[in-house]
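In the two complexes that follow, chain A is the common piece, with chain B as its partner first and chain C second.
Showing the complex of A and B:
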């Protein structure tokens, strides 16, 4: 292929406002040849795509969607650092591709004005020309290109129109001269920048002119500390410059927006024509979608529809069945083809059962992300944040936390990843820390079996409500209410700070791009598989080892002997009833052996060891043991309980396990082990605990620090313990009197 | 002094200035709320906050606390 002939591809950075179709364009240009990752030290996603055109290879660096190149935090600094070639891990781009929304040029040109000052060869993609026409906006493209001094290519990225032309323009980008330096700032400001630059030179610091301007404009002091330009006298120099600017009528920071929007108006003079047209469909839709009454109803209906799809047996249930079947099949194949021993046990009980137990949730995650991607791409999610903001601001968060928390009902891992939409660091952290409290699908098996076995079934309100559904809903509520309280406490204690501003664009509605939606689903699904494959894998192996060793078969010697005898008898037996009886005895013996070995294992011993700690929750050592085993993933508790109670861990049908749990008694007594208070205590514990290693790993990755996952683990475990204790005491009080 | 947070749905007004010089005011300026710009109040969210406005051909939502920084010309 011609791509390989080039030594190094041309590096081009892609930048533009959010909601301009940037990711659609990125996907259309680079197709499937993409790489994603994280920039070290920050939560900004790093996305690279490569493609070839006219014998040239091009590498596109997707920068986060942004309204301005004015860094006030490390995350915002990334785009500027990449463009100025200040990141060691990233090549300095040779050129910039700026994407503009043709229907919204006035605001979109703001960031272009900043990009042009970087003096890199620039190409403009004028996107969504069709949507602009619908709004009655027409743009004189040749004239715009002439005034900006850079090529302007009209595109409709979602239809693939103009993409080829854009590719060709990018292939020739090296021959382009950098745009002329036309600073929109008033002379007084330029003089101060020159003075400041002189100061820097006298201190032997070479800083790009763009950053010198920013240094003067950034009143937050972030850039000053970031550039490590020490010295009080230097700080004083900047402060004096700002005072002079204020006196001369160019106050910092307002001068920048005023100058740039002035330049924008001049540039667009006579180029953009706005015809009076009847309000476009998008505006009429918005009337309804954000209407106090209809908007709320539509919102509730949409959310219910999404949840129904995610949790319905007919949609998600079918592929989940396939995955379960696949792992059962795999377990069977391995079980039949390997000799009995530690290795087979590791594969079947450790790896296949562990990873399979988590991967079974993949369909739910994909379905949820399919809907979220559609709602996001068509512009509804911004409305959801708008509608929910007032509620979230009560807890000191903003409506932007809504999407991540919604995702967490399927699984906290994509929820934690989705916190990237929140710019404010403190908000993002809090949302990440409370996301695992949303009842994810892994808790469902725990709820289902406990409710079915121990919650008495009765219906009321004419059959509309019944105790089982209410308990189930109650568990979700426990998580949500706790999350609210935790958010409030965090906001008042370790993550104190002013409520961040809520200033959010409400983009026009548009048809979602199928490609963008599918790519998002694949991306999230893959991230989930990756985590399940690495972390769950590792912890499954560890828990397996704890549950397998020391594997002292001497303690079950008589049973093993009897089992061997049964097996030989089985081989000779021909009588049907006898075969059935022998098979039953064989299974019983096998379960008894497995159970005895587990009870004697390190995990079993650990269970005994922590029994005093779990007694106040109404639990015995066996429940404690299953809880330890479910550290990698909550749903593991069901399988472990199965093994402990001599049921076999891979029992598909939960009815026998239910029965076993109902008849289980405290060791050496006939007092039932489980009752309603114990079941509630187990459910509440699992609703609140941090028993999911993969989520903790996701938090580690997103925050780039061990501090927050460790914090999450301890605070959630403490909450789970306290919650379980309280519910056990309350429920015991009511059931005994 | 009249601010954006006190307006009725459908009001069409001109921005005269933004109060303060912190991050929030910079953000508002960057989003196009510069002196001389015309805006229309499109609506309020169901619980009365945030507010939705239209300016320079797009829609923006902001909380009343932020909107009270936007001073409106009489």
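Showing the complex of A and C:
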């Protein structure tokens, strides 16, 4: 045994079709010892899990669910590269674990036939044998193992059955011989592959045989450019080989499906027995769940229930209150124990207020993902995507965009990451670019304050509807409608292209696994906390610095002097009325000092500088200043407005801030600063603007380019400005005439 | 031979021909919608829901991709 084998665990790749219980099996095998990440440069998520069995350590590499190992894009190339050991970021797996759905072996053996050609020791997990039995399908497992020439272990991953046997089989995988080389392709094709390999050798290119086959089969030319095989003569050689194959009755790329399904038919001959059974419950349920009328009603009720839970004061509100309380407590502790100065201000107003302001949305994000995970795990989400396809196809997208957009209502970052379910690059990009237009939970505080302070309260329909709820819903609608329009424009301009075919598997309905659901929630929640602790932390510190410096106390010297005098008086005062009056004066002075320093800060100066630009929206320098501060993260606006309007940075109690905003006037006049048109203009601006550095960073990561986050920033800022301008003008017209 | 969208709910048919751009046709085949597979419509419309072998797929026909089937009464 080599030193490497002793110190490093056995690397085994896990591969299989989507909806075969692959994630459940991965979780069952590796338990909690998992880590996830991204392959550099592509959107494919890499998941590693480790476990020990019979004194051996095994590292499982979970590859994305796939129907085939035919790379047509960088994402699809990853699985092939991992299996062939061509990826520097990943160890070459010593073996492969292929998971098959026992109820649909015809299709599942397709990818297995590709894996077998890689000639790596292989173990098969024959999963969902119980579900197959319900469909009337029984499989002769020993015979299947004999025909395939690899161990086949029957499993029920969701019940943990067969998992231990699978672990033991994997522990002995090093003793397993690689499968026999069986090419399902006709001799003519194999000859062409040999010829092509000769061509590559003569060009000093060393490529595994599997990729040489793919080179011939990949008519899109992706692999040719990926392997950097330039030269017209080489391209001509491939074209000639394809012509010869077409003439011999083995046209490319159809020959692959023909050959592999032929091999599948032969392999399964006499192994799979099918009994006639009544249509499965899933089909009967689908007649209702996907019905154009009943299905749509069920969908609407479910979505309403999800959103009610997310925005309910009773469900999300309680833990949100705890988090607020915790950060208030932390702020208090730090405030009491540090001397006044930049460091205390940085900790209290920058770090604690900034990070706390974001973490407060954690319960809402966890609740939304809890429901999304349940709907996904029980198989409903694919039906929702089916129902939404009718709507989405009108704007040139497919129903697959629905899930990412739904996630974006909690937070656009996981929404952007969820676009990975969309294979078509153009559709994925458009969905990613419109995801930040969905009103995420960070916009809620802005809507709540503006609506409560400036939207008059009217009731309609016997009290069922009121102007506040309608305005709130209207802001969500502004985002959705704009997203639809943007998608349409993108599809017709810079991302023009034919609508790709829409085909998607609908998994059978099943009870959701609590373990899977909780793991998803923890995973998403942790990702959110991580971002709050890094990017939002950094931007909070920057905003704090811009709002704190140059901190020229000379401009408020009289107030500081008076404050010191008040504090001395307070220490000596005994009369309760006097103490109260002094405390009030102390607070007023402190707020005035804070406000004056902010006006003089770099942020305040920037606010004045941009005032001409924000005037057409009905805003003054203070609103402009708060908006600039909110560009890294829109949550920052509440704290900034609080400081600007001499309230101090405390955002716990919104009522006084509302009152202050209501009584604020234009500098040097009695004219109220805020009114309904201004409030609407602020809300529309926040509904449409890309004020979230973390989302832009997520788009950069997913597209691996700066071009798209920059584009998103500019197009959304322009839309926000135009939207705010239009709503301000329209609302002003109606309120002044 | 009839287009898939004309197949009544519940009736079985064999996929006779899939017309379209060759890579799209191959993608469908990889997912199970290949010539010779037996298909049954669960929900009509665009997209429609079909059962192919042991799995349920939803599929939107378009000008570039069409599936023709041979209904059960005639394909035997």
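Keep in mind that, in the parts below, the second predicted complex is superposed on the first by the 730 of 737 C-alpha atoms of A that agree within 3 Å, B and C clash if a C-alpha of one lies under 4 Å from a C-alpha of the other, contacts with A are read in each partner's own complex, and residues count from 1 in each chain.
By definition in this document, a residue touches a chain if its C-beta (ideal position, glycine included) is under 8 Å from a C-beta of that chain, and two chains touch if they have at least 3 such contacts.
Remember, predicted model here, so these are calculated numbers, not experimental data.
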Clash or fit, chain B versus chain C on superposed chain A: clash
Touching partner for A:104 - first (chain B), second (chain C), both, neither: both
Touching partner for A:296 - first (chain B), second (chain C), both, neither: first
Partner chain(s) touched by A:504 [first = chain B, second = chain C, both, neither]: both
First (chain B), second (chain C), both or neither touched by A:197: neither
Chain B versus chain C as contact partner of A:439, first or second or both or neither: neither
First (chain B), second (chain C), both or neither touched by A:627: neither
Touched partner set for A:70, first chain B, second chain C, both or neither: both
Contacts of A:391 with chain B and chain C, given as first, second, both or neither: first
On chain A, the residue positions that both chain B and chain C contact, one per complex: 67-68, 70, 72, 103-107, 110, 135, 137, 219-220, 253-254, 256-257, 261, 286-287, 290-292, 382, 386, 389-390, 393, 399, 499, 501-508
For the chain C and chain A complex, residues of the former touching the latter: 10, 20, 22-34, 36-37, 42-43, 45-47, 49, 51-60, 62, 64-65
Touching residues on chain B, where the partner in the complex is chain A: 18, 21-32, 34-35, 37, 42-50, 52, 56-63, 65-66
List of chain A residues in touch with chain B within their complex: 67-68, 70, 72, 103-107, 110, 135, 137, 219-220, 251-254, 256-258, 261, 274, 286-287, 290-293, 295-296, 382, 386-387, 389-391, 393, 399, 499, 501-508
Sites on chain A touched by chain C in the complex: 19, 67-68, 70, 72, 101, 103-107, 110, 132, 135, 137, 219-220, 253-254, 256-257, 261, 279, 282-283, 286-287, 290-292, 382, 386, 389-390, 393, 398-399, 498-508
